[in-house]
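Given below, in the form of structure tokens, are the structures.
In the two complexes below, chain A is the common chain; its partner is chain B in one and chain C in the other.
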Partner chain A sequence: MNTGQMLISIAAMILLSIVIINVNRNSLTNTQNMDQTKYEILAVSLGNAVIHEAFSKAFDEETANNNIVNDEDELTLSLGHESGELNRKDFDDFDDYNYYSENTKSDSTIISADFNINCRVFYVDPNVSLDYVNNRTYHKRIEVSVTSPFLNEGQDTVKLSKINSHFYFR
Partner chain B sequence: MGGKAILLVVIAFSLMFSVVNFNSSNTTTRAVENLSEYYSRTNLQNIAASGANMAANIIFKDPTWTGSFTKLPFQGGYIDINVTKFAVDKIKITSTGYLTGIYDSEIKEDTSLVKIILEPSSFSKFGYYTNKWPSGGYLVTGDTVDGPFHTQGKLLTLGSPVFMGKVTTKGGISSIGNVYGYGPADPEFLGGYESPVDVPFTLNTTKIKDAGNYDGKVFQDAGGNALDVRLVFSDDGSSIGTVEYSTRVTGTSTWSTPVTAKLDTLAPNGVIWNTKGNLYLSGTVNGKYTVGTGKSSSSYGYVYLEDDIVYRDSPLISDPANPGYTITNPDCADMLGVVAEKQVVVKDNTANRNNINIHASLFNYDGGITVEGISPSKPNMGTMKILGGLIENEAQTTGYTNGAGYRQVIKFDKRFETTTPPYFPATETYEIVSWFE
Partner chain C sequence: MGFSTLIDILGSSLVGGLILLILFRMNDSTVENSYLNSGEMIVQSNLLSIIELLEHDFRKIGYCEDYDKIPNPATAIIEATDTSISFKTDVAIDEDVQTGDGNVDILKYWVGSPTDSEVAGTPNPKDRILYRQVNSETPLAANLGLTQFNLKYFDDDGEEIHTMPSAPPLGIITLQIDVTVENTASYGDAADEDVYSKDKSAFWRQIRLSAPGLSIR
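Our next item is the complex of A and B:
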């Protein structure tokens, strides 16, 4: 092998090394992105599952026994779970989820990242604001935020929101 | 030569790695796009459903409301809500959510639609509805109530009666047992029990009369007198049968000459209504009809059953999978609703003294089905078999424990769960019959 060939070989090796390093770096980035994507989809699903669960409950503590409320002032003034409803399984109405928070570390069915789930419930009024109003109305909005150290180093938050209203048709 | 070969090998490897790298990046990009689309569509769905919930509440508070909300901002998107009335008393709610996001690998605004149809809830969906529950009346061990049941009063049970359908009450339930040999208090609710549920007992005769005037048949005396109308349904073998009708002024004895009419020309929408007076009914029904009579005083508003009133095809057939049991006959397209502003009365005549078969949902606004002149000294008349449903203000006597009158059997026609006789009385509240999203 003469000097020229030697130089070509060295240049080739350098090129190959650069390519391998780039591919390796991209591979790591892609794997990280794929994992994060998986966790974010799981986060969206977890958040939506909590929303669905809240919708399966009564609209208000006052309607928990199939009662129909004909005056907004009869509704719960302070949104949140009632005494004795310590765990999520004990909740019987929609606004019990206000200030509910949970970490999935102890959930053996979620074996990947751990997530923090935080819920807020607000009264809203279609004629005033769908963010929140300070008075009691027949409409409540639940906002579920899901975070995780695995979602962009804890920087990303998945937020979902939906409005529940009091109605009873049969 | 060796250097060139190495260069070629390296270039080949580089190309190969580049392809791998490209594919890997592409897969990641698609995964991120899928996530974004899933997130966007979930949000979009929640936006539209939120609008539908709000609109449902407005209708719940004010069933007469129609109107719209436009561009309600929510969750980074916005909602359009529209409420319209269509057909007879039907309400359509449409809620459209708009949100800009990644859909089909493109950043664009997409929509999600939630469409709800509501209509008045028909009383015919009950196997047995009674507005009042007698204070001393008990359903006892051995009694079976078929189909959905509701009472506006308090249900009293003794021992363990069986309820085949869902039971709802406004006044709750009182169950007692271990007396009169009826065993422990253990009513069986095979379809579930719910209370308090309020289903007010109402009858709007204007609606049914309007339907009769629009495309049905309304009987009314030109002189303003109460009118007796006799209807004898007949299956003539055609797809729509015939009815023979005659009339007389209530209180007189002479009936007019009977007129035979094809039902598709007499009452295309299936409604035959006597504005004021009584109705005399019998025959074989071929098609879907609601017949009834109104009153202007306590003297009228009776539907008298002069003989069996049955469908051309029996609504029940033997279940081939379970011999001895019956199922809904898929070939039966006949359906009858009988509306009495007073009550339904079985005539005490020769035809009815050996059982009576009634295929219909019977609506008794001011009483319940009874037998003409019933008393403990009357003869045994066999079995009164109602295949349909019974809706009444208050239960009346149809037989006695000494055998006088009828032994009553009510079997719910399951077709009434999803279909109703035309313009059959409905509750004043709506029910959701379709929720599309």
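Our next item is the complex of A and C:
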């Protein structure tokens, strides 16, 4: 084999190596994306679970025992759980989830990844702002953020939000 | 033909063979990955389909277009076990008109067994059918690769209800649904259940669902 043939062979091998590396990289990227989607679905489900749970509770501490509130000023001004409500299952009203956080690492039923769940609850006024308002209204918004080291190496956050309005009928 | 030429031919054949082997392996790997990714996507979309259906129906527990016909939504859940549930609702008139017709319907969900004849032919030995029945109509069923469908029930205090009352109201305020979906027929199947498939890709989703009708506060 002369020098020219040797160079062509080396060039071909380099080309082949580049092709193989690119194919492998694409394959890994696809797999990673698929896995991440799976974790995102799970993150959405966990966030949804918290929101659904919060919605099953009373709108406010003042309405927790089927009390009827006739004035917005009768509602709780300070949002958060009351003393004695240490665990999530002790929460009895919607805004108890304000500043609630949880890591799923201790939950043996979640075997794939660990997620951090953080909640915030705000008063909102549809006529003023859906972000938050400082005064008491009949509308509260819960915002649940779910993060995980498995979601784009911890850089992505799944954020879910829903507004709960106080109503009484019949 | 000289000896060096023979060596050249043998050497180039060897190198060419190795390159061919690499290309075959690469092709095989690409095909496998393509199947695995497709399988993953099927599993994920199947799971979402199941969840969408369950969320749609379960959040309407105790709902009736004519609300006088279910005066006490707390009695809407008629029967509840860890793999089945039966409740009063008002099933949507059709896909376009999602409100009910004003008549109370009984909607029942339950899960079949992995040994049922409907799933006996699938390569996955663990998949089972999720049934949905409206009143006494023929149950509708779809094999979306469901391998787990567990229900847990919680009372007003958030405590799990282990023993159901014999008749409504059952005291259920929220329920938790655990769903696992696997591929019914995936790439690289094996007879051994433990190594059933490379893209077994089972994952579950948990919802603590609270139907608005069950807790009016």
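A few remarks follow.
Basically, the second predicted complex is superposed on the first by the 150 of 170 C-alpha atoms of A that agree within 3 Å, B and C clash if a C-alpha of one lies under 4 Å from a C-alpha of the other, contacts with A are read in each partner's own complex, and residues count from 1 in each chain.
In this text, contacts are C-beta pairs under 8 Å (C-beta built on N, C-alpha and C of every residue); 3 or more make two chains touch, one makes a residue touch a chain.
These figures come from a predicted structure and were not determined experimentally.
Once the two complexes are laid over each other on the shared chain, residue contacts for A:Ala64 go to chain C alone; chain B is not touched.
Applying the stated contact rule after C-alpha superposition, one finds that A:Lys162 touches chain B and leaves chain C untouched. Residue contacts after overlaying the shared chain place A:Leu46 against chain C, while chain B stays out of touching range.
Once chain A of one complex is fitted onto chain A of the other, the partner contacts of A:Val128 are absent, as it touches neither chain B nor chain C. Legend: residue contacts after superposition of the two complexes on their common chain; A:Ser112 is shown touching chain C, with no touch to chain B.
A simple residue count on chain A separates chain B from chain C, and the partner touching more is B. Contact with both chain B and chain C is seen for A:Thr37 once the two complexes are overlaid on the shared chain. By the touch criterion defined above, A:Ser56 reaches chain C but does not reach chain B. Of the two partner chains placed by the overlay, neither chain B nor chain C lies in contact with A:Ile21. Residues common to the contacts of chain A with chain B and with chain C across the two structures: 1, 9, 16, 20, 23, 27, 30, 34, 37-38, 41, 48, 66, 168-170. Contacts from chain C toward chain A in the complex involve residues 8, 15, 19, 22, 26, 29-30, 33, 36-37, 40-41, 44, 47-48, 51, 67, 157-159, 173-174, 176, 178, 201, 203-210, 212, 214-217. Contacts from chain B toward chain A in the complex involve residues 1-4, 6-7, 9-11, 13-14, 17-18, 20-21, 24-25, 27-28, 31-32, 34-35, 38-39, 42-43, 46, 49-51, 53-54, 56-57, 59-61, 69, 72-75, 81, 118, 121, 194-199, 429-432. Interface residues of chain A, counted against chain C in their complex, comprise 1, 9, 16, 20, 23-24, 27, 30-31, 34, 37-38, 41-42, 45-46, 48-50, 52-53, 55-59, 63-64, 66, 88-91, 109, 112, 168-170. Those residues of chain A whose C-beta lies close enough to touch chain B in the complex are 1, 4-9, 11-13, 15-16, 19-20, 22-23, 26-27, 29-30, 33-34, 37-38, 40-41, 44, 48, 51, 66-68, 126, 130, 138-139, 141, 158, 160-170.
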